[in-house]
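The letters A, B, C, D and E name the chains in turn, as written, and every chain counts its residues from 1.
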């Protein structure tokens, strides 16, 4: 029996009276692609932040490859193999693209606290360049992030999440703000990820989420309401009710 | 290319300054400018550099830097031979000065640790309060710091058989120290530590998510700044032939901020530009306006800079250059 | 026993003064997110302007000389605070560090001008005899009446602030503004004007503290830095932007200072800062501060 | 009533709104679109919460461009923001007192309590003690009580239980009768199409198309193309 | 010498550098025809500015009186100011000497500044610093500088005779002493205790850090103590705070005061403290009322010149100290006919030998450390002409820096400090 990459048991998170995440339990197996869907305010990002360690859950347990991480700090979880992106781009605006990637690569290397400049043959720097190539950022390596376009930022964001070779990659709405033309590229990139990486994807947009996922979790009001393979999602009456409102004139009832 | 040439000319000017001054000024005034305007500006520039380093690359406006510099100054004064009163004494300068740098670095780390969970204006408030707490402690403690009177007669070592406070020796030693520290800062900000520090400035949450310890890097940055401030503190103490609590009081604490801000917090060079402007004003206020109203004068300069150009003279320069560049561009 | 009681009472009366001054700082910080480094300067302005009004009346032996000075000081500080916000700070809203720097610049200039105008002689207000003599207090004996009055005024300030914040429209605006300034504006509230009102109110409290403080202690240059620091420490200890927190912070600092002075006079000042660092280490947002 | 002409908003290099033009008349207009397309920025730009770099906004002929949020609000625009943004420090009743100006307007505190009885029950509770749905009701009530000429609602159905959504639709339909214009930004197609007569679809900072609500509700192809979901997958 | 200078400049540096390396700060001699440049350094910024302003009043007045001319040479007076901080005073002194080319500095005002300038004067050749009003003993007592002269007396000297008066005349055997916790009060308390304890008196000490404004706890303890008198050694703001709070707390003990307590800056301030201050006894180098024609004439001159321009009813202690030191300078300059050549050697010899009467009528001469031996007054605050005035009722003649003790014995007592307050009981 394989150990789940990520296992949530009755995870809850409240902010004051607001129950942002309520009693969420599910397992993500290694190599699986999981999409988490749901309308704004459903608790997806809160759940994400709880998994990544931005704040502890109010209740419940989270384990990563069989190891309880509910009380580990964010950087410890990163070292345990979580890589993530953020809904709103959280890049280092004052640094160049290459330096952003370089920091991301080094974050999981030994001796990450260093007062010495990288040498010419530095492996981290080489890897940062490789990542830049891979995400089409090669011409921009010397550009400061503040000067990048929205699409380029999202590319960089994902590149940084992959820099540490995470075992569990968590993407928070990677398609948000992308123009329709950019979407196929994103999808191709997701498909190209090796199966050694487990993927959890928050997505609002079914066109991205459904093709990318093996299994879809739908959240609403902090709770998991549907868990099903992607081809069963669009037909699901609960999903339709959530997304379109029940009893819509053109709906298939 | 042009800016590299500018930099080379600037460096050359600084090295040649004492000689150039002799050409344009009578000898005693040239000496005065060498030691007490340029030399003093460099020494206080070093202390301001420690603040500019933290502010530019970490986004931390610390008001504790003068106090940290003072901790190094006090360490020297307490240890060295010949200081009055003798508190520990008997330690040669060659040993006391490195110890002082260690003390300042530790003090920097301590300030960093106390303030590690705060940022922005909270950090400003807390570092100010910590600095004033140390100031009051030093002012009231007789056993170690000789209280309000401080410790006098810290004359500095002999260097190449010459008195350290000889204007030329003092000037060139300060210049070399400043150049090393300035170069060190420029080196450091391209290292992983420096890049992560800038990452913390831009987005500390992301830094943590990438696997770095934000706390460790923040505290280390304050340690580095402590080392820089300590070097300035040692030089300032020898320049002042001693140290007293007044050196680390509210006024000097704010003065360091004023220097950094006038020069510009966007670049470490701003520290030195700011300290030179401040020192010139401070020295010649009596001639410019009225000695008695020096504080009004410097306050107005500071206020105007903050209102007009939040990134100080460096920012003003950059803006002017881009303005000129824009005007020149269509010609070819 | 009676000495201990006196010292505790001294600590509380000092805390009362600190509370009055620091509550203004806390209020301004809470709503405006402005660290008003010129807060001590407002104290000076209130003291000196108040004194200018008070002095001739006192010479003329008018019984309301002190009250007139008090009113003048409060008005002067409120006007100065409102001007500071209106002229300098309002158009850089949100740039917190720049605002702090501006207030530093203002404090340097104003303190120097106060010196130029009023000279460096220490001055002191004298309250009317009714509140300036000595009162018998159980366990303590004869005790300066004015120090008791100080406690009374602080309590009145605390209650008044509570009422203003919780029972008036302005108070609702202030609290809503602390939560979400943008949304408050979207609700049709003239936020810039609320800002000026808050600054005036905070400065008026500081001005009240300035005249009260200059009655209990001498008024001189240097008091600006002192009361700025006290406000900082009180607010850091008690929690930023919380009035109850400010009261707790003031009591801790006041008691620490007086008990320290009685037990180890040399280091009495240090005790305050030790408390501050301890609070910072355990609860960086202050005792009652919001995380 | 509200007219937005060629509105542009930039954050640094990012060009969020790229020339949006809409007009809201007496009948409600809904705007739908995927996340990150600039819908919320449009609401904020009209309200004066973000600065536009080009373009004009007018309300019944009065220019709103460049005005501060409170001036826009006083000109007669109210906003129900995304994420509700109620004031945690204020009780329910204080929220209402803060915005209630006149007694003889269409919306009064009493009418709010009648319409949302749940709020009446919780009138003494502070902002943090409310559930998400209650906060949403409060945000809506806060806007209505300003008796504006135009209400902008940014995803008012977010986080509401289905039965409350139905109630919400009922309330929104009465606004026209009160003489209030409505600009409704929604993810919930049903709410959008049931309340508004016309729906604009927003794609990357522009209005891609505007069509009658019943057309959109029936056209799964358009839904799929612009919104990434469609009602009823089995055709 | 001017020509030498020009030639040096012509040599473009090398010679200048060599000269600079030879002595820390080479001092060019001054041509005889040029004016004597007298740099005045006092405190015009910060809390001590009042005293500094008054100091410059008498300096200006006295220079005006001689029409800025002495020994046939003009005096050019250059004003500088510090904020009572040692390093600031040092920076200003450097500017006066090195930039403004001052021959002589008159200043500074406060103790730590004085020590800093004493240290600086040691590095100078051919320049002289004459004290302004700073009163720390160590400035001249320990490790004195050959270029630093002080015609005013120090804080310890100012208390001469007071301890004896309290013990013998008032018959008080136990006193409480409240004092600021820094050097100047240490020196004063030391001076009081040396006499008082030697006679057998007992002292309880209450220190308060400089800048204390709430003395509540201390006053509570003092009022409950069995002390027969209270000795108050605070100054400025702290002093006013203490006196006001003491008066308010209903303090009843006879008051003895340090020298800057019984001063017009305090008496001119209004308030209840004046009530308890009447009858207070103090020691010091001046009083408002001294039965001496020279003093009356000096006060009269001061009033005529300054009463309408912000002056006090009678010159302050700082004003008199600056005037005394200025008189020493003028006296010596006159003796050498303004000749400052030869590295001021003749001038400095004349300074060391100067004997004259201070504005108060006290006799002044210098000891081997270039420190004044002078007369000290015992004063009492009295209500005269409807205002409180400090009236001298006794005078201790020719008080030296060791209060009459042999220097070795005095030095063996150690420097005054909180833990060494001079209370050595007779064994």
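To be clear about the criterion, a contact is a pair of C-beta atoms (placed from the backbone, for glycine too) under 8 Å apart; a residue touches a chain by one contact, two chains touch by 3 or more.
The shown structure was predicted, so the numbers you read here are calculated from the model rather than taken from an experiment.
Shared contact partners of chain B and chain E, listed by label: C. The most distant chain from chain C, with centres taken as the mean of CA atoms, is A.
More C-beta pairs touch across the B-E interface than across any other pair of chains. In terms of their C-alpha centroids, the spacing between chain C and chain D amounts to 43 Å. Computed from the mean C-alpha positions, the centre of chain A lies at a distance of 30 Å from the centre of chain D. In terms of their C-alpha centroids, the spacing between chain A and chain C amounts to 49 Å.
Residue positions of chain D with contacts to 2 or more other chains are 88. Multi-chain contact residues, meaning those touching two or more other chains, occur in chain C at positions 112, 266, 269. The set of chain B residues touching two or more other chains comprises 136, 140, 142, 292, 294-295.
Every pair of chains in contact is given here: A-B, A-D, B-C, B-E, C-D, C-E.
For chain B in complex with chain C, the residues that touch the partner chain are 61, 114-115, 117-118, 120-122, 124-126, 128-130, 132-133, 136-137, 140-142, 250, 254, 257-258, 261, 292-296, 298-300, 302-303, 306-307, 310.
By the touch criterion stated above, chain D contacts chain C in their complex at residues 47-49, 68-70, 72-74, 78-79, 81, 85, 87-90, 94, 97-99, 127, 142, 146. Contacts from chain C toward chain D in the complex involve residues 169, 172-173, 175-176, 178-180, 182-192. Taken together, the chain D residues at the contact with chain A in this complex read 12-14, 34-37, 82-83, 88, 128-132, 135, 155, 157-159, 161-162, 165, 187-191, 193-194, 203-204, 214, 217-220, 223-224, 228-235.
Every residue of chain C that touches chain E in the complex is listed here, in rising order: 2-3, 6-7, 10, 13-14, 55, 58, 112, 115, 119-124, 126, 132, 134, 142-144, 146-147, 216-218, 220-223, 226, 257-259, 261-262, 265-266, 268-269.
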